[in-house]
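Please go over the structures that come below.
In what comes next, chain A is part of two complexes: it sits with chain B in the first one and with chain C in the second one.
Moving on, here comes the complex of A and B:
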């Protein structure tokens, strides 16, 4: 989780990613941010994030991102 | 059959009566029949193309579903015995099989679109190169006529089949229902580009006679007609006068043309979509919105989130993300990071995907270099503004003007004019002419002409201008009211007399103020040509 918070914090230091659950809904992160997040998470956790995983419910919060990463590692 | 024709009004009236008289379970079948009748008015030979798309998409979906079912069953049965690696390898093998079917389907459908829409453009370019090389054997043009709405229904089918491949939802078992999704007549001409999972519930549902829905739908149709025949078709005359004679209309007229075209295109496209959504609503079907007051946008990125929304999200989901997060792109990004540093490495996937997406957006709008340059122009502005973000942030932190009305107005005007400049590529016959016209804005120096009768030489009379101003003010008021909720709901809460006086006034405006005149023939909606 810390690694994900660090990646997100690097993009938008002004946001509290521990509490924010509307990253996509409130347009806090945009398409360009998503590409960076996917790239950095892929590197960090050595996983492939398939394009079908790029949906708002997976990117709306740090928790949701973490859950997706755990699921992909498990698979 | 044009939306603005009496033929269409008659067609819709008959359909409406029959639709609410027949048993509800047959309603969607009637919609399918109506859609094919509507489509055949454009030429029955074009039914062939939409049928190929429907049948190939259906069978590919079925095939993908079959492979997915086999895969799921096998993994479930052998859950205990398979190792993680075995499972991964099996899944990869089955995905590869699916990818083969998907590729065939995409090649076929995008191939049809490509050949019909872009073959002559390609041949034209080859001939230009041959001319440059002084080779006399020019290739003959094929002269294909674009089937009605091919760009829209192809994109909807492609979106559907990719979603089935991605297992976002299961395939549609009933080919007739899939056929209705692909050909649904209100949206086949100019969108919105609907998604199957969002549309299926409402499209195949049984619909009761709901007076609110019907009243709201009719109001929206009425407003769409108003935008189209009172504003767009009137300004079309002035825009055509300016752009068809670039040797005569230069300098200030180019700016006037840009401004008029911005209003014309907005009234034309949003008017068409109002009619589309209104017609669907009258039939109980809810289509997605395609606009969210785009001319109030404060940046070009925001503008593209609010203009032709369903097209933007389509390109994002099926082109931008698949390219930018693909394995090869991430590997490229990694190696660029190692060689050139983090800053460049991070940008590589975003830049490449953005350029491809905007190239595709441009060429989707039309097989001409104008559209390619227009698309890439948008791309350039988006990337530059993305790079300037830290500068903007510094400026905003230093001067605290972000939330002041005058600064927001400045941002809105800046975006409006920036988009109007880019959109000029739609208008002139080629790219060099457009650039030349840009140049004359500075060099011509004929600004005084505008107030010395220049505006009266554009094919519009004083009364035409008054009607346009009245129409634009009305559009602006409706847009401002929309920010606080549905205008139709607000109107519904008003006394009976005010409501009906408003409906009657709009109807009267369409009948009296519509740009008719001798030999009137409502022009095609601009987007129906894409």
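Moving on, here comes the complex of A and C:
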């Protein structure tokens, strides 16, 4: 989880990613951020994020991202 | 001879009145609706006494915004699109530069406008379209209009920190639309998927050809450009066959592997530009759509939109760059060296543009206009302007024009033209800021801000978000103990770039 918070914090240092769960709905992250997040998470956890997973509900919060990563690691 | 862009609409409305012209995911307007509503707006604005002045269109991305643009042209004025996504500071600078007498809003932006110190007239779209059209008013305005009258002003990044308003007229837009349509082979069956915001000149590619041919343009919801599969589904749902997108929008689809899951099967014309298309990504597209036409476009806002094109007709190696090709009809490219002489074959020179597509210049800024719209140095016989782009280019061995780099600190990021200097100026406006320098990581396409000052990176980020458009916000912000300087006391950008690079490699 810390690794994900660090990646997100690097993009938007002013946002509290522990609590924010409207990253997409409130347009906090944009398409450029998504590209960065996907590539950094893939590197960090050595996983491939399939395109079906790149949907709003997986990117709305750090928690949702973390859940997706855990799921992908298990598979 | 066509003198006015609205003649496209007046021709088409008789042929396909009931066809949808502009649509989004929820609603669509037919040509008939576009025609009646824009003439209602034209009547209304004229009766309010506005003539030959900039009228700000402060509305969200929606078909009604496009109707409002045409309404402003019907009234004999010119539209200045601004958007709720623009930061406050930038909107204030634009208001200051224009001093507009009127702003047109929709429901959402009307409330937002109240928070600005604007004292002119505020009109609502919904109210204006109820106005009964007065034929004699519309006709009398048209009779007096000439084709060098302005249609719109769009703002671009300025190195002094103040955005510059580029003023374009009917003549240059008609010239551009005719040439572009011929190259991209638009017709009545074209279904556009618009990606670019309505406040930049890039959207002309969909707006006016739709009128000219009786085509249809869908405004693709911005959110979809984050989610590749949903985006492809949208394209297929609406049978979109033509896109003119920035490269990053296309690579977002290919890089995430969406093309292996679902192919945008109706697409047959893919125009792109404003950035380098990485060949690896390009090949993914080409393999997915082997029969589609791929066209690289190049051109500055100051020449109405695009000036050059290259239809990809051969394989490119991974380290090659797709050329920008050749100029549109009725446009000439001149490569000039530092002494304003034509460069030797194969040599790099500044790309300068000659033709009707030159816009009128920067609004109320003769100084900046005269710096880049200059007398053709090859012509000492009569007045003739060329536009100096500040881009460097050369011809390859096949005689195709290739983009080399910028002369200055301007960059292309997410399809937008950005002066790094503008970001630095805004950062330096912070009281605690001692020194700020922006560099651009061309490989990873990241804007990096280094600064010295008693302030946290989070505070800097928050501040910049208030002042700058989204695409200008640095992707990396880092504090330094001191700024590296060159021997003559300037910030050492080269050293900063090296520092950034070595940090990335770690």
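Note that the second predicted complex is superposed on the first by the 75 of 75 C-alpha atoms of A that agree within 3 Å, B and C clash if a C-alpha of one lies under 4 Å from a C-alpha of the other, contacts with A are read in each partner's own complex, and residues count from 1 in each chain.
Operating definition for what follows: a contact is a pair of C-beta atoms (placed from the backbone, for glycine too) under 8 Å apart; a residue touches a chain by one contact, two chains touch by 3 or more.
Remember, it's a predicted structure, so these values are computed and weren't measured experimentally.
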Query raised in the report: Regarding the shared-chain residue A:8, is it in contact with chain B (first), chain C (second), both, or neither?
Result: neither
Query - Dominant contact partner of chain A by residue count, chain C or chain B - result: C
Query raised in the report: Regarding the shared-chain residue A:23, is it in contact with chain B (first), chain C (second), both, or neither?
Result: neither
Report task. Check the residue A:35 against both partner chains and state whether it touches chain B (first), chain C (second), both, or neither. Result -> both
Query raised in the report: After lining up the shared chain so the two structures overlap, which partner does A:43 touch, if you call chain B first and chain C second: first, second, both or neither?
Result: first
Query raised in the report: Just chain B (first), just chain C (second), both, or neither: which does A:64 touch?
Result: neither
Query raised in the report: Residues on chain A in contact with chain B in one complex and with chain C in the other?
Result: 30-32, 34-36, 38, 49-52, 54
Requested in this report: Within their complex, state which residues of chain B touch chain A.
Outcome: 88, 166-168, 301, 316, 320-322, 324-327, 330, 333-334, 346, 349-350, 353, 386
**Report entry** chain C contact footprint on chain A (complex, rising order)
**Finding:** 10-14, 24, 29-32, 34-36, 38, 49-52, 54-56, 59
Query raised in the report: Inside the complex, what are the residues of chain C that reach chain A?
Result: 223, 225-230, 248-249, 252, 255-258, 260-261, 414, 456-459, 461-462, 465, 470, 475-477
Report summary line: chain B partner, complex, touching residues on chain A are 30-32, 34-36, 38-39, 42-43, 48-52, 54, 75
